[in-house]
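A single structure is presented below for examination.
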Amino acid sequence: MVLLILRLLATVLHIALVFALAPLLLGLVTKLRAWLLGRRGAPLVQPYRNLRRLLHKTTLVPDTATDLYPIWPFVCFTAIAAAAMLVPGFCLGLLTANLSDFITLVGLLALARGATMLAGLESGFGFGGAAAAREALFSVFAEAAFLVILISFVLIAHSPTVDGVAGAFRMGHIGISVSLGFALAAILAVALTETGRIPTDNPSGHLELAMVHEAMLLEYSGRFLLLFEYAAMLRLMVWMCLIGTVFFPFGMARAGEVLSWPGGLLLWVGKLGVMAIALSLFEISTAKMRVFRVPEFLGVAMLLGVLSGVFLFVASRIGG
Amino acid sequence: MNLVYPLAHLMGGVILLCAFSMLSQRRLSAMITLYQVQALTLSAAAFWQGFAQGAGDLYLTGLITLVIKAILLPIGMRQIVQRFSMIRAVETTMPIGLSMILGVGLIGIAVLVVLPTTVSAVSLTREDLAISLSVVLLGLLVMTVRRHAIAQVIGFLSTENGLVLAATGMPGMPFVAELSVALLVLLAFLVVGVFLFRIREHFDTLDLVGIEEIERRGR
Amino acid sequence: MNLCLPAVFLPLLAAPAIGAFGTRAQGAIANVVMNVIVFGLTIGVCFEPGSGLIHADDLGMIFGVLTGFVGLTTALSNISFVWSGNEVLSLRRWRVYHAMCQVVLGSTLLGLYADNIGLLWVAVEGATIAATLGVSLPRTASALEAAWKYFILGGVGIALALFGTMLVYLAAQPALGPGLPAMSFLALTQHVTKLDGSLLTLAFVFLLFGYGTKAALVPLHGWLPDAYAEGPLPLTTALSTLMLNVALIAILRFRHLMQANFEGGGGALQPGAFLLTLGLASLLLTAFSLSRRRDARRFFGFSSIEHSGIAVFAFGVGGAAAIFGGLLHMLVHTLLKSALFQALMRGAALRGSAAPGNYGFSHLRGMIHSNKYIGWLLGGCVFALTGLPPSGLFASEFIIVSQTIQRDPYVSLPLGLGLVLCAVAIIRNVGPLVFGHAPPHTKHQKSGIGANLISLHLVLAFGIAFTMPWFLLHLLSTVAGALQ
Amino acid sequence: MHLRLDALSVLFLCILVPQIFASALAERRGSFTFWVFVAGMVLALLAGDAFTLIFGFELMSAASWLLVLRGDAKPATLYAGIAMFSAACLIPAVFLPASSLAFVLVLLGAGAKAGLAPLHSWLPRAHPAPPAGVSALMSGGMVKVSLYILIRYGFIEFDAAAQPWWGSVLIVVGAASVLIGALRAMLEVEMKTMLACSTVEHVGLIAVGLGIALRAKAMGDFGLASLALQGALLCAVAHGLFKPMLFLGAGAVKKATGTTSLDWLGGLMRGMPRLGMLMLVGAAGMAALPLGPGFAPEFLLLHAVIMAAATGGILARIGFTALLAGLGLSAALALGAVVRLIGIGFLGRPRSLHAAAAEDAKRGTLAGMGLLAVLCLPVALLPGMVLELLEPVIQLLVPNSDPAPLSYAPLSLGVLLALAAGVAALGLRRFAVRGTREVPAWTGGFGRPPVWLPFGDPVTQPSATGFAEPIRRAIGRGLLAPKGADPAEAFLFFPLSRLNLRLTRLAEHIRRSTIRQRLAFVFGALVMFLLALGLGEGG
């Protein structure tokens, strides 16, 4: 009973933190990039300000849009939000642990992506459609690569859920294996694509021809745009939590033990910070690639995933 | 009575010889003459068999053969040849020599097929069957290698002769087969005659090339 | 009394009279009358098989009734054919035409009822000559050429068949003594093991070639497509389909002699290989010849070649079940084919004339726009020929294929290939023929009451194949058992 | 000719019946051929012996052929050819004793009719030809009947002789169909053709599931077998619901606008809103989105593949990893195809006056689609319960198996989503500025459209072809034959037709022969027979 209440508390705390910190994380990444590029950059809380500004703007609806125009932002936001609730952050054993199946996660991300693409096609003008087509192209490879990576997780941990995998890795008896290294490299590539960062897309770009994610939202404004923006922040958060949980599960708290929470929280924040730094470093050190280079980029990720599966097989044969 | 086999054999040989030399003939009238000789010999063979076996119906066979095949048919064909003034060389589809070689081969096949099979059969029919089979095959060969309608008809008739020869060889074969052969030849000539007329109406000659022309247009 | 004799000889005797007197309409009427009588007699034969030189065994009964029935329906549709004056023939030729219809009918029945290999041969020959005359009736160049082809090839076939017949006699004569018994199927079957096997084999080759020519097996098929395409349709096409049965049944009987002799240790070879070769050849050549045809009668002539090939194949497979399948196939195919040709004739009549020139697919296409009923019937007949259900041929082909797989699986591959190719080639034409765009100035016309005959055929074909009546089942299975 | 009813037939009947009702509601109530077609399918499912099975199957083929023919004569011949090919494979197979040869024949026969690669290329041609009701039934029902035969013979009749490689073959062909189907569904412009291609994809998915089950069963791993079977059967059920719905919708679009080419549609959501909503439901199933009817099967299949990767040797590991990649690829492609279908066809601006003037579908069509949509709900929200119902079938196919409970709980997931949506809605209502203002959208810099185009110039918005272009360039080059043709056609069907042509010419040559040549045929054949005889006996 107590355990249940604790798990509930942990879940609520996790959700609250994730939703609260998502804009901050984005702000942190942009700030770091600015610093690394030698600029002052916008303040950390800039994303919060943007959201508030959008709250106070009237919402403009293009006259060519259909009645479904308001639906897509909600679908996109709710899907990402649910994903954010599923992926454990600072502690394991949340109430949503059993739901957090990798494939459900893939499905939710796909749902959000689909809604965004439809939003791009909604008003029926060029840029939205072009961006949606590109998004479709990227997603094809990203999803394939992600699924391939799953094999090695699930086969090592004998559990299909994020929570279970993290728990298995946290025990640490796996150690650092080659296959996990490959998997990490692959999943980073996928994450970069999914969150629309350089090298596949430029969140701060302003040339419609080059934009992918932003270009689909060109016709959106006001509260609908807010939902999309917030969803984007959450997506970044989700992916960072995912990578942190699966690959660096050390020190994660257990929902059952209140005392382990502070440590878990600290470590979690630390992990997010480190990943933010890594991300910004990577972003300033590479350039955005042409659209048709992206499939190759993700194809490499897919191959890495296959390799990780193969090495895992070899290791297990050698092991026993 | 030991004269039966040699004579029957001899006449069979003559018939086969006629059939064989038809292959070598280029002119229609010569082919008709050969056919006449063949038919005469055949009727003689029929009479002889009838005498040897003491079977009355074979006499009748010989008579039919004599009257129709040896006398009426050649006359009719000669008239046709006269009427259409076709006393000229018959163009064959393959060189005479080659067709004769083929003929020899056919005779070989006939012997090969018949002799081993009839070891158990009645000895009288042994060579007789081989001979008549080769006459049949030679007749067919004539039909295939000759272009000329009359020539083909002659080949057909010589095939019939081969059949009759075989029939006369059969000991005690009921009459029905004989009758039907006669019937066939009669009708055959009738139908052929009809055709010759019609064909003449349409193409000015008996040559089947005209027909083949229609055929080539294809449908 | 022996009802077979009148059934056979009434038409043959009536033929000269019909050929001598009467207008063309009277001739048609006389045909119908004769056919009614003959149909009654053929049914009567089932209860009074008779005995002796001409009598009906079970096989004869079944196909005798079939012949009577098809002859009757053909004669009935022949009336409309004659009335509409499609063929421009002189009165003399009309008389000859009607006489020849009777001759074909009579000799077909003779071939079915004769218990004597000589008589069988006479029957086949008579039918050949009658059909030849029929083909040559419209004195067009193509008709004469077709008839000439028919005469030459058919005559050669007949000659070979006669030689085979004499060989059979020669093989039987030592055992059965000289005279008629050595030529009677009954006697031959009873003493089959005593026959000289090797001579029988030789005879079989000649008989196969002789009667195979009449059954139009590849490579002996050269006469059929053209003969089917020329001449007045009811005689040269509808009735000639009946002759195929006679030839096939003859092949079946001789095959049985050889097989039994082989099993009895008489020294004959297995007949299977010969039959399978010719059957497959027919099937495969047809498969590739069908797709280029533009004339419907020629097209379905080829399909007749295919189907007699299938039947011969079934006989070659051997065993009671396969032969049962083959016989069923012959039954159903005859019904369907004659129905199809009657439908074609009516369709062509709707499009102006049923004379030989008017059966091009381009001329007949879109039949449903001329008359819905005829169009659907035509489509039904053509579709039924593919052997897809609910066509009756499905049942027989099903039996044959399954038997082939059980007995020698490897032959079943070419068989299946041929069946599929033929079916595709046939089915391609259904669409345009029935639903296609009709040629310009096509108006919707009424179909005569006679069109119901066609649906009667179809219904019978379906019924025979799927709701196999017990007596038919009994007869066919006894026949197949006896001839396996 | 007798009938039988067991769990498997009941399941497939249950898949079949709603579609029949739906298409009967939508249209084709009167057509006799249509009911013959239905009767054939039902007969094949109820068949108690081989003859009845084949008879029903062929009746189905024949009737559907006639329906295709009435729609469009061109593909009818190809369809007839395939149907007869499958018959020629099935009829022998059902008579052979249980053996690998028999299984291969069944696979060829049923697979050709079900549209498994490489014999699938007839399907995108033939299925769109007839009216929508028939297309729906062909795509949703006929294909299932073929799969039913495959299942019955693969799992029950030939159980004794089962080999692991049977399953592997099935997996390979299934994977090929999935890839080709999904890719072509993304590239096709015609709505119905695209739906047919996606049918190929789903048949491939089912085949993959069956293959894994067959392999696992032969290797004695019953848990995996039952998991894969759950996936396959659930996929069959779901596909049988949403695909007919989509086809009916496409038919309604055709009726309303006179075309199904996406390049001429657009903005249909304004003209036909109810149809649009129903299409959305079906599309969610086709794209296998969460909370849609299509997600649970996909979920189970992917898990089955991951589990299967742990079995067998290194080859199996690599193969299944690649298979997983392929499935992911095609899942995303399906999503893309759906986005294209909805986004180009129903959203945006009309691309033609017909599309602009479209009016909502007849009540019958909507009722039929609505029926299917309602039936989608249990599959979408309570897949666990549906799997409970499937239990006896799985027990019949894989005896003594205990499938694990489904670890995907749509209801609780739905609760989470509802929570997020509710909070977001409340928050916006509470804090954000209310109301919206309608303004002209940014034309992207194009000039003002001419006055006779009230809905703007169609060329200024992306076309279906253009939307698929990146994918065509990135993937199509690799997977399709040159000039974007289906590889099965380019490398299998065209060579065969060329061979057929050559043989036909030969036959024509023989047919043209003169009388004398024909005599020569007879004569030569006779001589050959005699020679064979003589050498056989005397020599």
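Order as written gives the chain letters A, B, C and D; numbering starts at 1 within each chain.
By our rule, a residue touches a chain if its C-beta (ideal position, glycine included) is under 8 Å from a C-beta of that chain, and two chains touch if they have at least 3 such contacts.
Worth saying up front: this structure is predicted, and the values here are computed from it rather than measured.
Undergrad: Hey, what chains does chain A share as contacts with chain D?
TA: Common neighbours, chain A/chain D: none found.
Undergrad: Among the chains, which is located farthest from chain A on the basis of C-alpha centroids?
TA: For chain A, the chain whose C-alpha mean is farthest off is B.
Undergrad: Could you say which chain's mean Cα position falls nearest to the mean Cα position of the entire protein shown?
TA: Chain closest to the assembly's C-alpha mean: D.
Undergrad: Of every pair of chains, which is linked by the largest number of C-beta contacts?
TA: More C-beta pairs are in contact between A-D than between any other chains.
Undergrad: Which whole number of Å gives the spacing of the CA centres of chain A and chain B?
TA: One centre to the other, that is 99 Å.
Undergrad: Taking each chain's centre as the mean of its CA atoms, how far is chain B from chain D in angstrom?
TA: Here the centre of chain D sits 69 Å away from the centre of chain B.
Undergrad: What's the distance between the Cα centroids of chain B and chain C, rounded to whole Å?
TA: 31
Undergrad: State, to the nearest whole Å, the distance from the C-alpha centre of chain C to the C-alpha centre of chain D.
TA: One centre to the other, that is 45 Å.
Undergrad: Going through chain B residue by residue, note those that touch at least 2 other chains and give them in order.
TA: 113, 116-117, 140, 143, 152, 208, 211, 215
Undergrad: Two-or-more-chain contact residues of chain D, please, as numbers and ranges.
TA: 508, 511, 513, 515, 519, 526, 530, 533, 537
Undergrad: Please output the residue numbers of chain A that touch at least 2 other chains, ranges allowed.
TA: There are none in chain A.
Undergrad: In graph terms, nodes being chains and edges touches, is this line, ring, star, complete or other?
TA: other
Undergrad: Looking at the whole structure, which two-chain pairs count as touching?
TA: Chain-chain contacts present: A-D, B-C, B-D, C-D.
Undergrad: Chain D touches which residues of chain A in the complex?
TA: Within the complex, chain A touches chain D at residues 55-68, 74, 77-79, 81-82, 85-86, 96, 98-99, 101, 103-104, 106-108, 110-111, 113-114, 117-118, 120-130, 132-134, 136-137, 139-148, 150-151, 154-155, 160-161, 208, 218-219, 222-223, 226-227, 291-292, 295, 302, 305-306, 309-310, 313-314.
Undergrad: If we count contacts the way the header does, which residues on chain D are in touch with chain B in the complex?
TA: Checking each residue of chain D against chain B gives 508, 511-516, 519-520, 523, 526-527, 530-531, 533-535, 537-539.
Undergrad: Of all residues in chain C, which touch chain B in the complex?
TA: 116, 118-119, 121-122, 125, 129, 132-133, 136, 139, 141-142, 144-145, 147-148, 151-152, 155-156, 158-160, 162-163, 165-166, 169-171, 173-174, 177-180, 183, 196, 198-199, 201-202, 229, 293-295, 298
Undergrad: Which of the residues in chain D come into contact with chain A in the complex?
TA: Touching chain A: residues 186, 266-267, 269-270, 273, 276, 287-290, 295, 298-299, 302-303, 306, 309-310, 314, 317-318, 320-322, 324-329, 331-333, 335-336, 338-340, 342-344, 346-349, 407-409, 412-413, 416-417, 420-421, 424-425, 428, 431-433, 435-444, 446, 455-456, 460-462, 466-471, 473-475 of chain D.
Undergrad: Quick check on the complex: what are the chain D residues that touch chain C?
TA: 51, 54-55, 58-59, 61-62, 65, 69-70, 73, 76-77, 80-81, 83-85, 87-89, 91-92, 95-96, 500, 503-504, 506-508, 510-511, 513, 515, 518-519, 521-522, 524-526, 529-530, 533, 536-537
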